[in-house]
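Chain lettering (A, B, C and D) follows the sequence in which the chains are written, and residue indices restart at 1 in each chain.
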Amino acid sequence: MVGVIKIFQRLRYMKRMGLTHVDTRHEIHKIERHQDLEHYKDIIYQCGKCGTCRTVYQDADWAAVCPSGEFRKFESYYLGGKNLLTWGLTSGKLKWTEHLASIFYSCTVCMACLQQCQIPEIHTYAVEWLMAMREEAVKQGYGPMPEQKLYTEHTMVENNPYMEKHGDRLNWLPSHIKQTPDAKTAYYVGCTSSYREQNVAVATAEILNSLQVDFRIHPNESCCGSPVYMTGQTEKAKKIAEENVKMFKDAGIEKIITSCAGCYRTWKDTYPNKFGLNHGIEVKHLPEFLLDKLKNGELNFSKEFNMKITYHDPCHIGRHMGIYKPPRQVLEKIPGLELLEMKRNRHNAWCCGSGGGVRSAFKDLSAFAANERIEEAKETTAEAIVSCCPFCLNQFKANIKNNEIQALDLSEIVKQII
Amino acid sequence: MIDSKIIVELENVVGKKYVSDQPEIQFLYHYDFVTAEPEGICDISIMPNSAEEVQEIVKLANKHKIPVVPWVSGINFGSIATPRKGGIVVDLRRLNRVLEVNEDDMYAVIEGGTTWADLQGYLEKNHPGLRAGITWSPPGTGIVPSCLCYGMFDLGMLGGSGAEFINGLEVVLGSGDLVKVGSCSLSNYWYGRQPLPDLAGLFIGWEGSTGIVTKAAIKLWPKMPFREDFAALGLTIDKGVPVMLKLSKAGLGICDLVIVNFGWGSSVQELNEKNIAKDAKEANMPDFVGLITTQAYTEKQHEAQCEAIKEICKEGNLRVLSAQEGAEVITPPPMQLWGCWNFSRGGGGQWVGTYCSTRDIVKFYNLAREICLKHEKIPQFYSRILFGGHYVVARTNINFNKNNPEEIKTTRALLKEIHEEVQQLGGVVMYKPPKWAVQTYKNRTLPATTELIEKIKKLLDPNNIMNPGQGIGDD
Amino acid sequence: MNNNEIVSELENIVGEQFVSDKPEETFLYHYDFITAEPEGKCDIVIMPKTAEEVQEIVKIANKFKIPLVPWVSGINFGSTATPLKGGIVVDLRRLNRVLEVNEDDMYALIEGGTTWAGLQAYLGKNHPNLMAGVTFSPPGTGVVASCLCYGMFNLGMLGGTGAEFINGLEVVLGSGDLVRVGSCSLSDYWYGRQPLPDLAGLFIGWEGSTGIVTKAAIKLWPKLPFRKDFVLMGNTFDMGIPVLLKLSKAGLGICDIFVFSYNWIQAAIGAYEKKVPLNPLKDNLPVFISGVTTQAYTEKQHEAQCEAIETISKEGGLTEAPQGISLDILPYQAWGAWNFSRGGGGEWIGSYCSTREIIKYYKLARETALKHGHTSQFYSRLLFGGHYCVSRFNINFNKNDPEEIESARIILKEIHEEVSSLDGVVMYKAPKWAHEVYEEKIYPATYELMKKIKNLLDPNKVMNPGHGWGD
Amino acid sequence: MAKKKRVSYIRGKGVSKLRLAYENHEVERHQNIEHYKDIVYQCGKCGTCRTVYKDAYWSRICPSGEFGQFEAYFLGGKNLLSWAVTSDKLKWSEDLAKIFYHCSVCLACTQQCQIPEIHHYAGEWLMAMREEAVRLGFGPMPEQARYTEHINKEHNPYMEKHEDRTNWLPSHIKQSPDAKIAYFVGCTTSYREQNVAIATAEILNSLQIEFKILKDERCCGSPVYMTGQAEKAKKIAEENVKMFKDEGIEKIITSCAGCYRTLKETYPKKFGLDHGIEVIHMPKFLLDMVNSGELKFNKEINMKITYHDPCHIGRHMGIYEPPRKVLNKIPGIELVEMDRNRHNAWCCGSGGGVRSAFKDLSTFAADERIEEAKGTSAEAIVSCCPFCLNQFKTHIKDNEIKAFDIAELARKAI
């Protein structure tokens, strides 16, 4: 009898709802990551295209979760479809085409779909073949998408995907920011903050100053390679990564603080785990860093910030890295601030629609995703949508109409109340 | 072969974005990826956004005499949405709006492609006092097809099979005509199928071979303030079933009664079939798990009902665990059943799922179990008691590795063997049956009834374009 | 038409004793003696004993192209079994056996002519723990006919309209073919209409115009150990209806909920319309009188349910009837419905409608009746856990007085017109004149489909012509 | 709300009985068919008359209808046929007459009907229709005409000689020539069920009742009256009353239910013969004696029996309890009831001229009652009507059950 109870133990009961939650047992279904398609063939075909990947199945509102699928509607654009197209390809039932590639690129790789799937290997690892398919597309000459190719070429020359000059990268830096020339800590600004959301860079630098952290900004800071890597151009991205690691090692950097979710994931996860670059540099995302400071008492919020806000989980720190709590914990410590949750939050958060090369290659899909998220944020009655990823921030700002809601980065708020 | 002119005509109906004949899009409509039943061909897929568009599509299909396959999720264990004879798959994904919820008459008017997720989400947000059923199928399955195909959900004790939840339909017939059946045919209320002639049956149980349902009203039920879910454990199915049947007739506020066996219970975990005992008996594990959900309006009523349920279980020598008392019990849906098709770590699953008399549950199980064990498969069984105990669904699942043609073949043989065995019990009939099962029923059905079915089919779909090769009225 | 030839062919089928073209026998089939709706003509009446005999009869009717009217009791307020175009009345009185009761799946397999009395008698003797419904209609009305025409009974809260109690049918089509629909079409079990195509609807709501049902399985329900029947009274319908609707959704083991107007009760107990208050509201009498039946498995559950019912009704301002006064729960003979004005005539506007419309329905009908000097005889029953309801308003008249018949019919039509202004109010067992109204309102393609179905099942239009749909 | 008190409720069953408001609906009796025209047409042929509606088993109740099947043979049909002839929608015919004669006038149908006037008075037009049939030459049935002729000559319908009437009388029976009390034996008892006559006479002797049997006792006229020949029956009645008066009779005890009803009810109410003679039916007489202590049952009769209510004292006269009470006083007797009893009793099928004119119907009715009696597991079916008794004896096969008159049992128990 005890055995049976144990078997059923994994199903959690939500009071009065009759809802259950299946805890998947990662450990018994571990598979190797970052392999090529052939490797995943059988695992993929566990998929029955049942459609669970489309919905926040275990949550109260059973909301849609996949921007790509909801926008294009055809099954091909959901995870189930992509799984089976992958299988179709590896089984010789389908051939590579431009259209097939475009399906795989019509995706922000936000991974919300994975979170819903109840088949353990797919739940945990589907992103592996989503990326492997992009890599394969590149190999076959079907990827990346033209716009992505364009920014990649630019990145290889000017170290940013924004068609800006490398020489203008530090234009945002005001004179009052105090850097420590031989600091072992670097503030890694990232392309978006350097060129587009400079407020974030300024705020972050000011916060670091006010906390009297010894830091510096690498004068030759370059793109981390994320936009290149995420579009399947692994070889190119690896080259960028190697150069970056060398540059920071040479500069004696031991710790990187970044305000960018994409840079964070790339440095912390992609460099070592995908590219095998065990750089040994500690990588901290700003909210995490702030939380540490709050905990050890070095940081205190003395001023009030009276605003109702909602927090948007950036995919690159949320589902990609599992960081959901720290930004919220920081926000909750701010006096006067009222944090409201959107229906879809944490691992079920709806993507802002900018990542994975989508914003440059599929503007309609990107705008569709952003608008849905903005509407959802508005429904909470929050005055501002707060994130901790400059790419999300920029996306929201670009898509919010008539100032119906504000968009802020976490750093911008913190800056005001220190 | 499909004329490319048709694509243009179809694009004129729904816009370019929602028509496709690209292989990367069509591939996913070729067959049911859970069962790995033989594949068909989807030549064109199209996503209409209104009943009028559906009508236009069906008219075009009639004009060109090409098949039309209605589709929502396209997965089901009978592979009945597989386009056997090519043609146009009408994917109803965009027809997924919840148009109205009538709290007084407790129904939801939904479009033909509305999924359980769509409705569930809508209700949670806007009508938290009402419940739609929750199925064991994935959230993306369609409500309307599920009801039309006698699927069932966790309100089955109150209202019967899904078909019995249908209050009315709006349908585009195979002929292209759009009809409404039920009270909606002459009013804005969709309160029921009465009192005009009840034409809903022309679309219920037909597997999409008579028309495409564009709207339906589905009964909802009130959510009561008190609820409890029990698991009752017993050594054998023989022991447990009579207790469940007794409960079904005791009117204890029970809205759902389910029986699952050890194999099934194990499969919904992420366990691998190969790593666990083949048979509960052998492992000295309880084979019987009954799941009981009761609702009540007042606390005292709730207590009384819970007490009586426990008492009846205890009298029947079952061990009862309640959800409130401990978290260590299985609870009602949503429960994702990937285990059903991933238990043998191959992502393939198929069932013999049947309606039958309450008298035959135990016999059904024992017959199926023996065959499974003979073929060294873990018997995976569940049964749901419906409509106050008036009838039941019994189901045996078999898993296989979908990538292994050999295993697919042996599984299919095994399924047919089970199906054949359980036929010795009168009245055991598969729902959502695959074509091979349909054929056996056709042979057994009173010839005049079969003839009538064929005539109706012909009447509603004169050019035989609706989901050809599926359903019972087809040649 | 040469009756003799047909009669002798018919006699060959069922024997001389059970065929008649004598006026003394056929007279009683000419029309519905309650409504005094226009009469038809029964040329020949026949009483088959088996489905095979029914088949033979239908074949003969097709051969001679003469109408056939299936008949059990032949009374209903829509006069739907009146042979408007002459022909053969097939009286199913001898097809009245209870063939099987399946206690496990809880259904009774009965023949097409089985009456409520026949079924009750059988269950009372052989299966005392199971309940069939009990209707407000006389005991001699047919179970199958009643279910096929959306009649309803005192298990309505559990199972809906009579139609929803049908598990399967054996039918002789208008064409003479014998079909079975439901699980019985391929097994000996009649447990349900699933899982093959559900063809039962080809015969439900058609008023016998598509075929003659020779067998049917009807759902039964368990009789639980504890039961209470509440009589809850209130001053007005505005007050009472919301309470009943609330109860209908509270799942308190309730198997029946209905409401009567004060005058209905008076009619039912044999009072004389002219001697009772026309408008009891004015005399401060409780106009709203309802019945609620609850069942339970244990005493504690029973107590809890009763308490909750009491609380809800008290909160809603209803009072329980004083001790000693308990409203009759079924069986309940409603002769008052047609004898209230001491003339033995009654007709109704009985409709299905949204639960939203009950009060409005009552008020509209009431005003019309009062205007014409009639009392308000109203009842409504909530069905299937509160998902829909039936509302009904009766008008009585002296059947022997043609003028009164005429004026009653005018009032009825006026009431019908009034209540039809409420969306979704549709008569069941509707007389021909009401059909005509619906035929105009109904979605045209749906009506076309009905005609096609009718034509498919009854190609020679021999089945109950002048009634049903698509005729 | 006082009106609702008429409604009673059976706990736990949800089954109810509707008590009728008799007083409100009084109708003149013994009128011609024209008189009842409107009342008859209150009938909607709803079919309630076919079923013991308010009882648990919802049994069928009308022998004529169940046998004839067509609606015409049930009360509803007869009501509407009556209306039809009075409204010129139908003409009198042999077939019409036959339908009305195809009925034992047991009145079980009327008990079921819920329309007050029909409930109480349907017997009136059933009889009025027979009278009308006779008037128009369509009635009575040939067999009935034959026995009527015989009665007019030999004063009994059994084709026996009048002079043989007292052949049953054993010598030990003691009569008192001047007695003011007469034991009215009746034709059936005199010629067919002579045991009943003997037992009755012996009981009277043992109770030391001074009585006599009329030397010239004749048929009471019931078979003539019941077949619609009111004029002829009235003549018989007048002769009988004259004879009673001439003999100085003040009280009549009879063991026959039919004679009882005729003498007590039909003579004064229908024929206007207010004879002033007390008429008492044997069971009632026995009950009085038991109650007053004059009669004691000393012997045990160990037998399970069931009691059959004769229509002529039951529904026709409202006597249901006295026979049961007497039976219950007999030591050893276990009385079990049939499903259909008292006002819902199924007729034995002999009355109303049916046994002579419609043998098949008569047999059908008897067989159904015998089966019902057997269903109770009783050893005997007991009645207090020699006509019922004779009917049962004729139809019981292989002695599956016995049939007794209450007098026979009482005699044994004394």
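We adopt the following convention: a contact is a pair of C-beta atoms (placed from the backbone, for glycine too) under 8 Å apart; a residue touches a chain by one contact, two chains touch by 3 or more.
Note that this is a predicted model, so its numbers are computed, not measured.
**Student:** Farthest chain from chain C, going by the mean of C-alpha atoms per chain?
**Tutor:** A
**Student:** What whole-number Å value describes the gap between the mean CA coordinates of chain A and chain D?
**Tutor:** 99
**Student:** Between chain B and chain D, tell me the centre distance in angstrom, where each centre is the average of that chain's C-alpha atoms.
**Tutor:** The computed centroid separation for chain B versus chain D comes out at 65 Å.
**Student:** Quick one: report the Å distance separating chain A from chain B, using the average Cα coordinate of each chain.
**Tutor:** 38
**Student:** What topology does the chain contact graph adopt: line, ring, star, complete, or other?
**Tutor:** The chain contacts form an open line.
**Student:** Chain pairs in touch?
**Tutor:** Per the contact definition above, the touching pairs are A-B, B-C, C-D.
**Student:** What residues of chain D sit close enough to touch chain C in their complex?
**Tutor:** Against chain C, the touching part of chain D is residues 1, 3-7, 9, 12, 14-16, 18, 20-21, 24-25, 37-38, 41-48, 50-51, 53-54, 56-60, 69-72, 76-77, 80-81, 84, 87, 89-91, 93, 95-96, 99, 113-116.
**Student:** Any idea which chain B residues touch chain A in the complex?
**Tutor:** 17-18, 20, 22-25, 27-29, 32-34, 45, 47, 73-75, 91, 93-94, 115-118, 120-121, 124-125, 134, 137-141, 154, 227, 229, 231, 233, 262, 265-266, 268-271, 283, 285-286, 289, 293, 319, 321, 323-324, 327-336, 338, 341-342, 345-347, 349, 401-403
**Student:** Per the contact definition, I'd like the list of chain C residues that touch chain D in the complex.
**Tutor:** Answer in residue numbers: 17-18, 20, 22-25, 27-29, 32-34, 45, 47, 73-75, 91, 93-94, 115-118, 120-121, 124-125, 137-141, 154, 227, 229, 265-266, 268-272, 285-286, 293, 321-322, 324-333, 335, 338-339, 342-346, 398-400.
**Student:** So in the complex, which bits of chain C are touching chain B?
**Tutor:** Interface residues on chain C, with respect to chain B: 102, 104-107, 150, 158-161, 163-164, 167, 173, 177-181, 183, 185-189, 191-202, 204-206, 219, 221-222, 224, 245, 249-253, 295-298, 300-301, 303-305, 307-308, 351-356, 384-388, 423-430, 438, 441-443, 445-446, 448-450, 452-453, 456, 468-469.
**Student:** Flag every residue of chain A that touches chain B in the complex, lowest number first.
**Tutor:** Where chain A meets chain B, its residues are 1, 3-5, 7-13, 15-16, 18-20, 22, 24-25, 28-29, 41-42, 45-52, 54-55, 57-58, 60-64, 72-76, 80-81, 84-85, 88, 93-95, 97, 99-100, 103, 117-120.
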